[in-house]
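Encoded as structure tokens, here's the structure I'll be asking about.
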Amino acid sequence: METMIKVENLTKQFMGLKAIDDLTVEIPAGVATGLIGPNGSGKTTLMNVLTGLLSPEAGTIFINERRFRKIKPNMLRRLKIARTFQDSRLIEQMSVEDNLLLPVAENRCWHSLAERNTNAYREKLEAVLETIRLKQYRNKNAGELSYGQRKLLEIGRTLMQNAEIYFFDEPFTGLFPEAVGQILAIMQKLKTAGKTLIIIEHNMNLIERLCDYVAVLDHGTLLAEGTPAEVLKNEQVREAYLGK
Amino acid sequence: MEYLINLAILFCIYGMLALSLNLVVGMTGLLSLAQAAFYGIGAYACAIGMTSLGLGFFTTVLLGILVNGVLAFIVGKILSRFQGDYYAIVSAGLSIIVFSVLLNWKDLTNGPLGIFGISKPAVFGYQLSSNLAYLLLCLAAVVLSYFFYNLIDKSSFGRTLKAIREDEQLTRSLGYNTKHFKSIIFVISAVMSGVVGAMFASYIAFIDPSTFQLKEGIFLFTIIIVGGLSSARGSIAGALILISLPEILRFIGLPYETAAQLQQIIYGGLLVLMMVLKPQGLFGKYKM
Amino acid sequence: MFVQLLINTLIVGSGYGLIAMAFRLMYSVSPFFNLTLGAVAAIGAYVTFYLISSLGFNPASAIVLALAFSGLVAWSLEAFVYKPMRDNGSSAMVLLVASLGVYTIFEALIHLLFGAQYQTLGTINLSGQIDVWFAEIPLVQVITIVSNALIFIGLSWFLEHTFLGRQIRAVNDSATLSHIIGMNNSRLIMIVSVLAGLILGLAGILVGYDTGMEPTMGFNLLFKGMIGAIIGGMGSLSGAFLGAFFLAFAENLGVWVFASEWRDVVAFVIFITFLYFRPKGIFQKKVKN
């Protein structure tokens, strides 16, 4: 398998506490990778470092063979990275439609001043609204949506982004089975389209259904990696993570 | 009749100022108290240009746009480092600096004595000597500003600004150079209020620094808080309410000094009341 | 000349220091830019003025009453304006705007009751001079310097060694956390409000004696105190204390180099420059991560 993301000797501390400790891991391209591990094992921290929310103290990051010391938030568009958050981060006082259109405008001010959601965006918007089934809420503010609708809207926003790499931080947590199915379908579709997915998830069933590859983190280090079946057989993983 | 025309012109001037300020405070969520500074610089550019330099009105407007544009670009760059309440305090400080310069750079601004004899503009060779004609010019300008505000409001640019006011980091991670966006809208707003300043100066014919104090910036701020944040309608409504208020007090027949202070008390009370009951203002679309 | 500069720094900085510490104390439990703090200082000065000149109180009892009144005003603002708003989930910006409104009301009230003209408490009393080394310093300025130093020492001790002080510091570190572990934040904010009100009232009275007062004094004082606290670093009381002196020094240096009408410009340019290049303040220790 080709490698999409690679981190080498990555370290990230919080007040002297090593959330990520000299971590080296590779994430394959074009498949779904599950990032698992107990709470506080550094999964979200790793995701935050890779999406520019945190800058690491040490280590190197390779994305698509390009080398970085750290990622800055405004590099994500060029790197074709999209993500969701554990607690959905939306623009609360903005309509569903505008939340979806937000990532597609030009970065150049003067262009975006003249730009009026050209038809290409409109078509895509309709398609995404269809996929996440929020058509009838399009003019509602994001702040008025239910928990599950918020999760869907955030995933919809990543779909608008034309990304190659998708990070999902606990996308299924707290959802009804119907919504889980909906999101699973979206992710399967992304996989079919050859995108790279990185998913943090606690539910091992979902991981097994969705992921081709799993990396297990514990105390900021890599405990194991491999296919879901391999990893689940690993004694260390069972001990650290499943408590068996 | 003259009284009403005068009042209508004031409405227009404050309506436009409120629209320009709402671009920054309402739409982008930047709590700027510095608007009076740019208003003042525009007014002084017009006053100095028309009296000492003998330029025509529209040339001085261009001059004001140039000065304000450059200054606002620098100020905006400085301010883009700050957020929330720090932004408010730093912008207030910048407003005080500009006021001090207008007051103390006597060679240029004639200091506290102000500048007299600013004339009204000529449009296509027609001298707007009557107040009624001037009112028409102002109305045209208000309508233009209103549509300009809505143009930005409906554009992708406006959407990005509204995203910045809630979550700048997220907006950045969606691919926008947010500092640049903030600085551009700041310049647009400053230039707009500078043009209004020129219109004010040429209408009133005499200006002195006291009009452009921090207090004026706070007053403009009050207008959009009451009328409504992030709303063109709210800006106009706020200006109507707050400009007519002192006139009503005057009709009651209070002595000037008492009325002026009572007016301040009502402004203050309105601010508190709005913050407690409806922080987004009457027609507002954004809640701080 | 340089010695004069240092003495001026000491005098002016002590005045700013009182406001800076009060602002900083208040900010540590209720983190928004509370502009009404300026009004409280002005109220202290004007109430003293009223009690002495209109009701014929002797200065000592007038000052005590005025201080009590300042504390009361600070307490009632907290109890009837800010606490209900905070309970409603108002953001720091909303609180700031509300405090702007409250400040506007107070300033206009003072203006209505006492007029816009400059007034001073100084002619009434406390106009003696003290010879220090080789300079003559008016008594009221000596009192300002001493009370600033004493209040700094007292407050530092209070924050370090008392239960209440430690609670204040805990709230400062994390308001939500201290709420979770069951500390009564709003009671704490009330107590700090009264304390800050007393310090502010004192500062206002001292300014009233020294340079005189006008309705807008509160805003000017608060701004200087705020700048002092911010450039000193909002992290600690000593930051506010030192920052006030730094501001006073820079201002006096600016006045010396340029002219006195540029005082405010110098103050704000310094403020913005420091905030721009050292957002954590000049005296802030570098904390790793």
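Labels for the chains are A, B and C, by order of writing; each one numbers its residues from 1.
The definition used in the following text is that a residue touches a chain if its C-beta (ideal position, glycine included) is under 8 Å from a C-beta of that chain, and two chains touch if they have at least 3 such contacts.
The shown structure was predicted, so the numbers you read here are calculated from the model rather than taken from an experiment.
Chain centroids computed from C-alpha atoms place B closest to the centre of all protein C-alpha atoms shown.
When C-beta pairs in contact are tallied for every pair of chains, the largest tally goes to B-C. Comparing the CA-atom centres of all chains against that of chain A, the greatest distance is found for C.
Computed from the mean C-alpha positions, the centre of chain B lies at a distance of 31 Å from the centre of chain C.
For the pair chain A and chain B, the distance between mean C-alpha positions equals 43 Å.
Rounded to a whole number, the gap between the C-alpha centres of chain A and chain C is 48 angstrom. Chain A makes touch with chain B in their complex at residues 51-53, 73-74, 76-78, 83, 89, 91-94, 98, 101-107, 109-110, 112-117, 157, 161. Taken together, the chain B residues at the contact with chain A in this complex read 151-152, 154-157, 159-160, 162-163, 166-167, 169-178, 180-181, 184, 285-287. Per the touch definition, chain B reaches chain C in the complex via residues 31, 78, 81-82, 84-86, 88-90, 92-94, 96-97, 100-101, 103-104, 218, 221, 225, 258, 261-262, 264-265, 267-276, 279, 288. Those residues of chain C that touch chain B in the complex are listed here as 32-33, 81, 84-85, 88, 90-98, 100-105, 107-109, 111-112, 223, 226-227, 230, 261-262, 264-265, 268-269, 271-272, 275-276, 279.
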